[in-house]
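Across the two complexes that follow, subunit A remains constant while its partner is subunit B and subsequently subunit C.
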Partner chain A sequence: MPVIDIQNLSKVHAADGLSVNAVNGVNLQIGAGEFTAIVGASGSGKTTLLNLIGGIDTPSGGEVLIGGRSIGRMSETERTAFRRDHIGFVFQNYNLLPVLTALENVEFVMELQGQPVTDRRNRAETLLRQIGLGDKLNVRPGKLSGGQQQRVAVARALAHRPQFVIADEPTANLDSKSTADLLTLMEQLNRQEGITFLFSTHDSRVMEKARRVIVFNDGMIQSDTDQ
Partner chain B sequence: MMNRTLNQMAWRNIWRNKTRSLVFMGAALLGFAVALFTLNTMKAIAAQRLRDAINVQTSDVQVHRKGFVDDHELTYTLPQADALITRLRQTSGVAVVAKRLVVNGVVTAPDNNLVGEIKGVVPRDENRLSVLGDFLVEGGPLTDDGRSPILISRRTADKLHVRLKSKLVITVKAANGDLAGGVFRVVGIFATPSTPFDENTVLVRYNDLAALTGVTAPHELAVKLTNPSQLAEVKAAINAGMPAGTQLDDWKVLLPELFAFDGFINMVGILFTLIISLGLGFSLMNTMNMIVAERTRELGMLRAIGQSRWSVFRMLIAECVLMMLIGAIGGVLLGTVFIGLAARYGIRISEGLGMLGIRPVMYPTLDPALLFVILGLATLLTLLISLVPASRILRLNLAQALKQ
Partner chain C sequence: MNQLLRLAWRNIGRKRRRSLIAISSVAFALLVSISLRSLMLGNYDKMIEAGTKNVGHLQIHSAGYWTGKSINELMTDSPARRQQLAQAVGITHVLARLQNGALASGEKTTKAVQVNGIDPDIEDGFTNLSGRLSKGSFIKNQSTGVVMAEGLARYLKLGVGDTVVLIGQGYQANIAAGKYPIQGMVRLGNPQLNLSQVYMPLPLAQAFFSADGLASAYLLTLVDANQTDPVKNRIQATLGNGFEVMTWNELLPEIKNSQRIDTTIFTLLSSCLYLIIGMGLIGTVLMMTLERRREFGILQAIGLQKSQIRLLIILESLLLGFVGVVVGLALALPFVLYMNAHPIPLTGESGKSFEAMGVEPVLQLGLKPHLFALMGSIVLAIMGLATLVPMGIVSRLKTSEAIK
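On to the complex of A and B.
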């Protein structure tokens, strides 16, 4: 069974009396351990698709099944708990909490889950050391570089052992070295720990690393190729 | 555990924009300090005015013949007065009973005269019941020694152009209907905070006034209680055995304007505090709106990674309450310091307020209950005001929030 099963998914945005089909009848399956990139121009609907998959937005039609459960049919409370327990998020702007240290940021979702303090502290420390930030545990995001912040964001997304990680343009704000470091890290985590990554990008370097590339255009899948 | 982290985040969030938070907390601090100081000062004014009026003018309770309060008719004396005095003195909760003759008359000096109330009092009892002795500015209190002594106020002395040891003639209506006059010598001059009392009252010995008018039974029994807070209970006990044709009145009836003033002061205090609170409330709402607008993406991210909407909502409320409480606690401390200084050095108030029985210098004291009122008000106000901006979180569109 695929981790993510998308069936005839659509999303219509309505504004100022105009309707836009941001996602239009998409069918897609993502298997466990995939390292998949969704590519396309700005406004092609990549972010909307990821938001629908992540339960951040609700579909106008069709379904997103995760582990067999329809995320669109859940109540708001159920969807929040589902996101917390099953999905990891990496955002374009890092979106770390500026008032928490790197360690506290990574611990945060585990704390929301109610994990014991020792367990989550050990897990957060291990992850941060694994991504090369062992010396930045008690540093707040404002004192970290963009690349370091995005690595902390990846650690936060992985900390609670989600079924998959959604990364929306994770390298958009990074320089080339930080981009390369981050891609290497994500690829390593994917290969060594089998973590499923689904990310949007229009960065050719990211596309090269992906093992499956889905080209998205006008809310529809234009091509879907394995590399 | 999560609560601890949320409170910790709320605390750290306060200091993300130090200037804005400090401006708000400073406003709250000053607002609550001024409110506490003003409330306590107004309460102190009301309490002082009440205390002085009761202790000098009326005492806690008075007994009269029915009709005397409305019409000071010379013949409206108390029946069975001696037996009533004995019974009153045996009543539990009664500290002092003093009998008085109260007659309208004319006080004449060589240069001037005035119409006023002549009170005949028993010096020994009156000096235990009244604190008029505390307001003597010249001479001494009435005693059983000497011939026909009289106490007058500084205002009366100035108006009549007399001084200590001057002679005054008092003319009153006697029991037989004729005019009767007597010579009195000024032995003491007082100045109470109450201008009306000072302008209208002179005090002589009971026996001297009785001899002048031919009326021996008292018009009035003034009763001082051991504990003024037991007014209702003692009144009930006294009322149970009152002779027919008499009436018992407490200070609330005898000094209705004072009772009304007390209520007025309380209302002004509440209004003043509400106005300050509303100003702070709008400031808080503005601050909260800015916080929510600035952090929309961050709040959206918190929701996206799994923090419940109510948890985010609670975090924002905690941030508001913390800011307001810091200001309120600081305000309470500063207000307490102000009150301490005022209690030590006094606050000079206009002399003209003597017409209202207000002393020219006030020494406010801190009412601990008001501390809790201020802190409770701050918390309640914050909870109510912060609901509006914080509720925007409940309606947050995650996809839109993350785009910002």
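On to the complex of A and C.
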């Protein structure tokens, strides 16, 4: 059974009397442990697709089934709780909470889930050490470089052991070295811990690392290749 | 909840300058409103103190006396009755008075006056009338002379040792007439009273008005001035319908009216102050929300419910208000304490107008703990209201649009 099962998914954006099919009849399955890139030009609809998969947006038609449950049919409260418990997010602009330290940022979702302090602290510390930020536990995001912040964001996305991680253009704001470091880290976590990664990009270096590349254009899948 | 509280607290420190301005405005509003109201309440206390020195906290008359103040509506006065009243719970003094109008004549001039039959010893212990003596000596119970207000004596061109002729209506159509030596003069602050008051011992006044064993009023003073209503009700129930028991509020409605006017003015002023401060705070909380739409979107994306985000905004607003209240109270309390212990003396016309009312000519802030609690609660309520618009914004927030 795939982790993510997308059936005839569509999303229509309406603005100023115009309708745009951002996602148009997409069918897609993502299996456990995949390291998949969705690539496409700006405005191709890949962010909308990821938002629909992550339950951040609701579909106009079709379904997104995660572990057999239709995320589009959930209420907003249920979807938020589902995201908290089952999905990890990495955003383009890192989006860490500036008033929390690196350790507290990683702990944040686990604390929301009500995990005991010792458990969540151990898990957050382990993850931050694993990604090479063991010496930055009590540093706030403002004092970290872009690459370091994005690594903290990856740790935050993984901390509560989600079913999969969605990363929307995770390397867009990083320099080449930070991009290489982040990709190595994500690939390592994928191989060693079997975490499913689904990320959007238009960066060729990222595409090279992906084991499956889905090319997205005008809201539709143009090609789907294993490499 | 702890997580949100910690987050809220740290978010307040995020834009330090803005938070400091918001906290300062709350503290300033509290300092001004508490000081202003304390000054008003301090003055009321002085007015009430001065007023009750003249009329007591409670007065007992024969039923219907107060409306017409007729000499024919007197009540029986006896030491036994005074004793009985003095023993009632909460009473400190019982003063009998026999008061009525008369005409007073000097050698060439005549003037309408108020004759006050008093028990000099007890009265003096309460009103300290002898402290206002400007010439001569104060009367005693057995005295055959009178004490006259200084202004009246001047008007009648009389001095200590001279004789004043009093003529008026006595009890039940008797003619009240008599000649009395002036034993002393008192200087009364109120100009009208200073031109009209004559004091004599109660037995002498009873003889003058042909009202032996009668009095127009008993003045009662209480241990606790705030207990006038329950004590009044108790005494009224004991005495029955033949008597009327009145509180100082009823006897001096002008003080209550003045309180009402001042309270209305204060309410308007403080409402304007709080409105201005409140608008500023609403702006601050609104700004704190609008500039973090993306952050709220991210928080929702990673699992924070909208209700939790709304709670976060409320906590931030209340914490901001709470710090402002603490700072405001910390400034207001020592100021009020100092101004209570060190009243500002009033001189010139202002001082004279206070003295005219028999009120000590000082500006003294009253110490009212409930005022601190009330003003603090108002600010916190405003901070709560300031979150309404931001909470609406969060409720309408679309995660997918907010995180763009």
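FYI, the second predicted complex is superposed on the first by the 227 of 227 C-alpha atoms of A that agree within 3 Å, B and C clash if a C-alpha of one lies under 4 Å from a C-alpha of the other, contacts with A are read in each partner's own complex, and residues count from 1 in each chain.
Note that in this section a residue touches a chain if its C-beta (ideal position, glycine included) is under 8 Å from a C-beta of that chain, and two chains touch if they have at least 3 such contacts.
None of the values given here were measured: they were computed from a predicted structure.
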So, after the overlay on subunit A, do subunit B and subunit C clash or fit? They clash
Pick one for A:202: touches subunit B only (first), subunit C only (second), both, or neither. neither
Who does A:57 touch here: subunit B (first), subunit C (second), both, or neither?
both
### Query
First (subunit B), second (subunit C), both or neither: which does A:117 touch?
first
Field: subunit B versus subunit C as contact partner of A:211, first or second or both or neither
entry: neither
Partner chain in contact with A:85 - subunit B first, subunit C second, else both or neither: both
Footprint intersection on subunit A (subunit B / subunit C) at 48, 51, 54, 56-57, 76-77, 80-81, 83-85, 89, 91, 95, 97-100, 108-109, 111-113, 156
In their shared complex, subunit A is touched by residues of subunit B numbered 1-2, 5, 9, 12-13, 16, 297-298, 301-309, 311, 398-399, 402
Per the touch rule, the subunit A residues reaching subunit C in their complex are 48, 51, 54, 56-57, 76-77, 80-81, 83-85, 89, 91, 95, 97-100, 108-109, 111-113, 156
In their shared complex, subunit B is touched by residues of subunit A numbered 48, 51, 54, 56-57, 76-77, 80-81, 83-85, 89, 91, 93, 95, 97-100, 104, 108-109, 111-114, 117, 156
Residue positions on subunit C within touch of subunit A in the complex are 3, 7, 10-11, 13-14, 294-295, 298-306, 399-400, 403
